[in-house]
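Chain naming follows the written order as A, B, C and D, and within any one chain the residues start at number 1.
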Amino acid sequence: MADLVRFGVSINDGLLNKFDKMVVQKGYSNRSEAIRDLIRNQLVELEWQNEEQEVAGTITLIYDHHVRGLSKQLLEVQHGCHDLILSTMHLHLDHLNCLEVLAVKGLVKQIQEAAQQLISVRGVKHGRLTITSTGRNLG
Amino acid sequence: MADLVRFGVSINDGLLNKFDKMVVQKGYSNRSEAIRDLIRNQLVELEWQNEEQEVAGTITLIYDHHVRGLSKQLLEVQHGCHDLILSTMHLHLDHLNCLEVLAVKGLVKQIQEAAQQLISVRGVKHGRLTITSTGRNLG
Amino acid sequence: MADLVRFGVSINDGLLNKFDKMVVQKGYSNRSEAIRDLIRNQLVELEWQNEEQEVAGTITLIYDHHVRGLSKQLLEVQHGCHDLILSTMHLHLDHLNCLEVLAVKGLVKQIQEAAQQLISVRGVKHGRLTITSTGRNLG
Amino acid sequence: MADLVRFGVSINDGLLNKFDKMVVQKGYSNRSEAIRDLIRNQLVELEWQNEEQEVAGTITLIYDHHVRGLSKQLLEVQHGCHDLILSTMHLHLDHLNCLEVLAVKGLVKQIQEAAQQLISVRGVKHGRLTITSTGRNLG
């Protein structure tokens, strides 16, 4: 595991005051934890700007399972990119609507293409690609 | 199920041309499907501006399960908002890093608060709240 | 002017390494400057979540000045919210397209409403509200 | 000028209903205008994913003009990318804080680099790059 080090930040007392209020409001136990989160958020954004970077993420889909052929088509697209999909979670929100979440890992461009294909399937009401990281570059 | 109706859109031919290219590029089977997605995206955004609206979403967390007390604290927070959490999916990305996805349903403000609490736990390397809809208002 | 203080951040050396690379890549002269920017970005986002907060911002519009009645309508909307508009900059991008930028200051909800009204005018090809701050709460 | 054409969109009546409410709420004069805006927003986002695309935009900066050397450094950076900057608007928000808006046009990657350089200058409290289009590809 990585070694813990320490560095100093110089800041105006007014800004520090506001930061401290935010730390409490967001439920952080201390400033360092909040700072580390700000840093890691920025690193994750940079990772996703590099198409050839390996990343993790989730694809969230809301769909009406009554739409004819929809489940079959979603399955086919998923098989076409099965090497990216780590696992799938499926929930019945009501008698019509399903929430499906795919956990994915792969290159940025592969994941973006897979998300595109799934979201554009007819009957998918809403789709989102959520970017995160494999965690390996986040200390 | 809702009835299918039809309405006309007037548009410059140059803009229509660019739209048609985007429809193909994104993998939509036709213009109507692409338009419906644009509309639904905007409706989901509006839903999330209303704190008292019932919505669905996912909370994605990357964490190092070796951090002492982390799993216990995540469990405690989750129990504190158990009525919002529909299901949880947990994945071992490597020997250190876990990807956990919580499917959630509830009022916007409840979900935002739960996400905040989970993301700010020490040892959580990256966290994201993904907004979607219960599907009920998306036709 | 506010006093300069200093606080320490504890962090894994691996994460610090990646942060240092980002500091260089983004052109910051030192870590403190980068950290202060991360903090201020988050504070600005929080300011804009409060409808009653006074903020500053810009409204950017791209439009075709040949569209009949457009300039007149934009002027009318602007007069309706003249107390929010600090100044306007207008540029001729080519023989058709104009770029207009309005610097605005006021309550979040007033500015959002003004932006909405301007962006929805027929002939406005693209519009954006950019959020920033009056600077008073950013140390 | 481009010719006006018309195409039909098939949609569930429930979704159309919600869309119509949004059209009114956002102040659009009719459905076509709202649809065209949704299309153009997406096209602008696609433009900005291509580093070699010519685009327009604005860079918004909030800074304290009392910080020593700041104005000089901002000027120097601006001269280094003078071919991208169409015009600049400067406002005195109060006795300390300035709002400066730069209207820019150039390749995506040039504009992103210029924004980065300006935002990272010490004393700049908040900076934003706002993406829009030259209008040429928006019908």
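What we mean here is this: a contact is a pair of C-beta atoms (placed from the backbone, for glycine too) under 8 Å apart; a residue touches a chain by one contact, two chains touch by 3 or more.
Worth saying up front: this structure is predicted, and the values here are computed from it rather than measured.
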item: Starting at chain B, fewest touch steps before arriving at chain C; value: 2
item: Rotation in the CA alignment of chain A with chain B, degrees, nearest 5; value: 180
item: Distance from chain B to chain A - Cα centre to Cα centre, in angstrom; value: 9
item: Between chain B and chain D, centroid-to-centroid distance (C-alpha), Å; value: 26
item: Per-residue overlap in chain C, given as positions that touch at least 2 other chains; value: 1, 40, 138-139
item: Chain contact topology (line, ring, star, complete or other); value: ring
item: Chain A residues within the chain B interface of the complex; value: 1, 26-29, 33-34, 37, 40-41, 44, 56-58, 60, 62-64, 66, 86-87, 89, 91, 93-94, 96-99, 101, 103, 105, 116-117, 119-120, 122, 124-126, 128, 130-136, 138-139
item: Chain D residues within the chain B interface of the complex; value: 1-16, 18-19, 22, 31-32, 35-36, 38-40, 42-43, 46, 137-139
